[in-house]
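First the structure, in the form of structure tokens, and then the observations on it.
We just call them A, B, C, D and E in the order they show up, numbering each chain from 1.
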């Protein structure tokens, strides 16, 4: 008899989701889906709000990467003002954005995924948490906590608050950087770099244990998308969009975010509140793409900072199609972020008091794009003559990976799940593919399910005849 | 000494309160001797345990899943803490209340230029027409306002509760803090 | 003779005593001569010729007359306050804004005997030293407005209003002012704001209008029925009046009897008459074989009195003791087909839509109480909701700015006091015993 | 008394009635409510022109005029229908079936209380109490009071007005 | 000639002129009473009910802002009963509008938010009403967000009493009450507004604010009013 397995909630991800796996009569996986189960409707309820409130309002989309939304939103608002913001403001926003990437990547890697990597996919569920890691490898756990703390402290020193700082505003930032704060930040960088290096070296040693997962996670082929710059190095703050295919070929380059509707469109599937963007010229689903650390390292020539570039080789020698290597790319980006923050903090004009351009709204629409930890993020606003939002459209970093996650779940389930002999490790692997992407479901949405993992026995026409709870 | 069983759950919010909880940084690992994190987005347990001492709930009640979840959580929790503004006031998720759930769904899934526009309805839960704070649905024992409450506030409240006292949060946090 | 005026209901059992309504339905209200033929304006003339203002006030004080508009404040005391107040200009106002739903006594008096009201006002104006006055009348009462305006013109023509009335130094001009549909204008400071052409929002008292009223001048405000009592008191004497009624409530009271009762209409009974006498001996009891459940007095500010208290005498204190109030005289009888939760909801809706919006407890509290009653009546409420409702009752009653808000919880408090079981049926069993409320309606979550 | 009278918004003769009311009260600020009554009686409702004219004539701030016009139930800022139906919802009428009568009328007219039918035929209003409690439940059809009405009777009066008596 | 009276406020022996209010005398003696509609320099209206106090012998609660002191008066400003009513009043205001502190221009500098903290309001027990209200940003410098309005009428009074423009007033009534400019015309089209900005400065919440302010950036300066009133008095 056919069965349906429901994993609810998917744990150790940023946000909550369900996974369902449909088994056929023979107990083989017939289909599987990744369901994002909540929608909040920011696009609707921001209508009528003054655009100056948008950065802080939009930051409430996500408490994990509020800064990404602050930045993308403020950039869209800069366009509404039609001003070029002071250079110092740009640099300060860049530092904030990188600090957020550091803390968010640290969260993803250490708090959420390191239990799988250190303890193995088949460890008992009770141990699979940061607490379990702390027992097994206290240094790794403390490193993770400290690295995240460094990122959060930089955010706090800049914005006055770790989560949802109101510091980023249309036209720039609302207070300059003090010398003391800069020095405090600079003082933390070396320790961060040490942690990053220690972790990368450890990670190098565990990679061989996951060859099977790496291969399975590579079975979904998609395009990759991300921001670029003139140096062809990692770019998080601004720049034209590049899209490459699975073989590394550039299929579109120098795309302007202002014209995103010409190259991007979104699809809706009935089983998820999360929409799926795709490269419009290729249609759906052929045009689906991945974003985030893996995509970014795939589209650039080099990182652009010495230590990160040192480790780029470690990445490049892997199968860079495999979503497993989101982890690899994430660690390298942490290294990059720390180095780049240090460089920006040493810029001579970083303490300048000119950090905000003031203007009335001079354009009726604006698009802001940036790289969030999880990938390209885009905010698009339209305003009326009085500066009130008439329309808002968002393309959320995590949403870009929706298709890859959904199909990834299917591929992993097909590889590991057998109806006759279900075990926890199998199902954990299904979840771990999701963790690799580090989806930030709060960004679009999230929910906690109330059911334990359960297996439903279905008749061929889909009626549930029996539910087995574990 | 038995460790206090702690759970954290999130409903409709942004995870920012959970992140602020993590912002207690090293203190989190120090707490490991006193608490047993039995259910949380951070650990792998799928079903809510039968008996939890303290549950921190982040987020507002926004869908039928949330509703079922919070009722279950309440039934199995001794001290329920509304954790952050979304849980305490409805906050930003409740902004949709003046327009209603239906217009949100229409705006997101039908009006834009989409491939296969449709309102998702498989597996995903129905939205409640009115997003509510947690105490509007089940009794709540402790309220910690803030968007998010600071790590310091959270650590204070948790420590007080672990010591068997009711935390006095006045002047430590506020709506919108 | 204008034939559309109504007098009191027939008095088969001799329970009524017509003082205020002595001429109602018997004389032509549009003819001043008809009023004068039954002795009209003679009292006023006597007073102006032979009594000092202080003597008039003394008579009123001795009569024990209390304000008929609701609260029952001693009329003589109010008059003497205005008389003593400093000010070269004083005003006199008649509150004809009978706003209680279910009350039509004042309308009937104004329509049936307008000169009686004018004459009472003239005596009052003389007593307190007012030279200008207003009759503030609901615009919903076009006939009353027409008759009052006509009566003023006739009185002016007869030299009874205007300058140096009856050759005395006393002068008085009266004007009719129209309300525009706001119950709160029954509250005296709101009424004054409305006469001044402003939003009818009350202001905190003190200072009372007696010291600072219209345009900051000392102002006497009484309602229609109060003024209609003045002439008989001065004509027959304070002692005569004081001999009618109870120890603390003197004279008679006019009631508008309506609802589930065999005979509906106006009645006038001595204070102290019991509700049973009114409902059964005058009103003819409950029709259609149904049973008496409650009688509502005092309008939205009053309460529902259950069968157990049907022998309550109608006087200010007794009604208050059973959780209601005299109010302006609406008396609505309910039988077992009425649901008391629904009745409370009805009054709360009234108070909510009539709240002026100035003070927070009334503006928000009435809306919240209404919302909770709606929830109860739809079977969606919990016992926590009931507890919140009771907290709101306490808070709104004690913190609202004016009488409207202070009394708004009364219908809930009184029905909770006597019919708590009906609330519990809605909340716990999700049923409406009287089959009125839509308790089966599902929670609107989608 | 202020004498500098303001010119009416148009040469519509009805403005003279409004002006006469204000003059009778010496163009004093307390004439506001009387003037609004007068304008509404003349034009059926109060539009911006009327509010502006009255406000300027009485030397009152426009916001105050608007505040007063929207405070009182009897003033309407929208044109009313050809026919007006006022359902009494006083306590006596409520107890004796007023809500059922209102429901029947709302269904017959296809609008809710306080609204006017799209064809501008019928405006449906609710009164707090018409002081006609003895006639409960009472309804006023175009100024004519009708009492002790069954819901069906009330609905058929509306249907006559709506022109679909068949 | 105004007399000086002696009274007791919260067991403190106080003196004041007989034309002063209980609030004024309390403040002179360092006793703070919560309030929202009262503001030094504007005519008190007694609307918010937060400053209600117990006065021995009256049997009812009276607003400190409008009640004059009298000889021998015994006033209690902070009983448990008053605190309970004040908390409910604050809850009512939060429930009535759409007050989302986290994304408000005055977050951290709001009188309503401060009162909630001061009175220990950590959640709103009263059901939220979620009204649908539109922002008016038609004015070139200022905007009105009625979602955050508590109807204290400070804007109405400062505009009428101090600026003399009377651009603001209230419309409708009860729970539908709202502040308006002129004939409910968009603020930017107002004939009477002088763009003086006093209304914005005295507004206790984020209902009135300067355009271009991001979340948490708006600071109000209501204290200018007392100075202004005093210097006008001197200039006369």
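Methods note: a contact is a pair of C-beta atoms (placed from the backbone, for glycine too) under 8 Å apart; a residue touches a chain by one contact, two chains touch by 3 or more.
All figures in this text were calculated on a predicted structure; none of them were measured in a lab.
For the remaining chains after leaving out chain D, touch-based grouping gives one piece. When every chain is reduced to the mean of its CA atoms, the largest separation from chain C belongs to A. The two chains most heavily joined by C-beta contacts are A-B.
When chain centres are taken as C-alpha averages, the shortest distance to the whole-protein C-alpha average belongs to E.
Distances between chain centres, each the mean of the C-alpha atoms, put A farthest from chain E. Between chain A and chain B the centroid-to-centroid distance comes to 22 Å (mean Cα coordinates, whole Å). With each centre defined as the average position of its C-alpha atoms, the distance from chain D to chain E rounds to 35 Å. Averaged C-alpha coordinates put the centre of chain B at 51 Å from the centre of chain D. Look at where the CA atoms of chain A average out and do the same for chain C: the two points lie 69 Å apart. The residues of chain A that reach two or more other chains are 57, 60, 164, listed in rising order. Touching two or more other chains at once are residues 102-103, 107, 125, 127, 170, 172-173 of chain E.
Those residues of chain C in touch with two or more other chains are numbered 182, 199, 354, 356. If you check the complex, the residues on chain A that touch chain E are 48-50, 52-53, 55-57, 60, 164, 166, 169-170, 174, 358, 360, 386-388. Contact residues of chain C toward chain E in the complex are 182, 199, 203-204, 206, 352-361, 363-368, 371-372, 388, 391-392, 395, 398-401. Contact residues of chain C toward chain D in the complex are 98-104, 107-108, 138-141, 177-183, 194-201, 256, 258-260, 264-265, 296, 299, 330, 332, 334, 338, 343, 346-347, 350, 354, 356. The part of chain B that touches chain A in the complex is made up of residues 9-20, 22-23, 25-26, 28-29, 32, 37, 40-48, 62-63, 65-66, 68-69, 72, 91-93, 95-96, 98-99, 101, 103-105, 107-109, 112-118, 120-125, 127, 147-148, 150-151. On chain E, the positions that touch chain C within their shared complex are 45-49, 52, 60-63, 66-68, 84-85, 88-89, 92-93, 95-96, 125-127, 129, 150-151, 170, 172-177.
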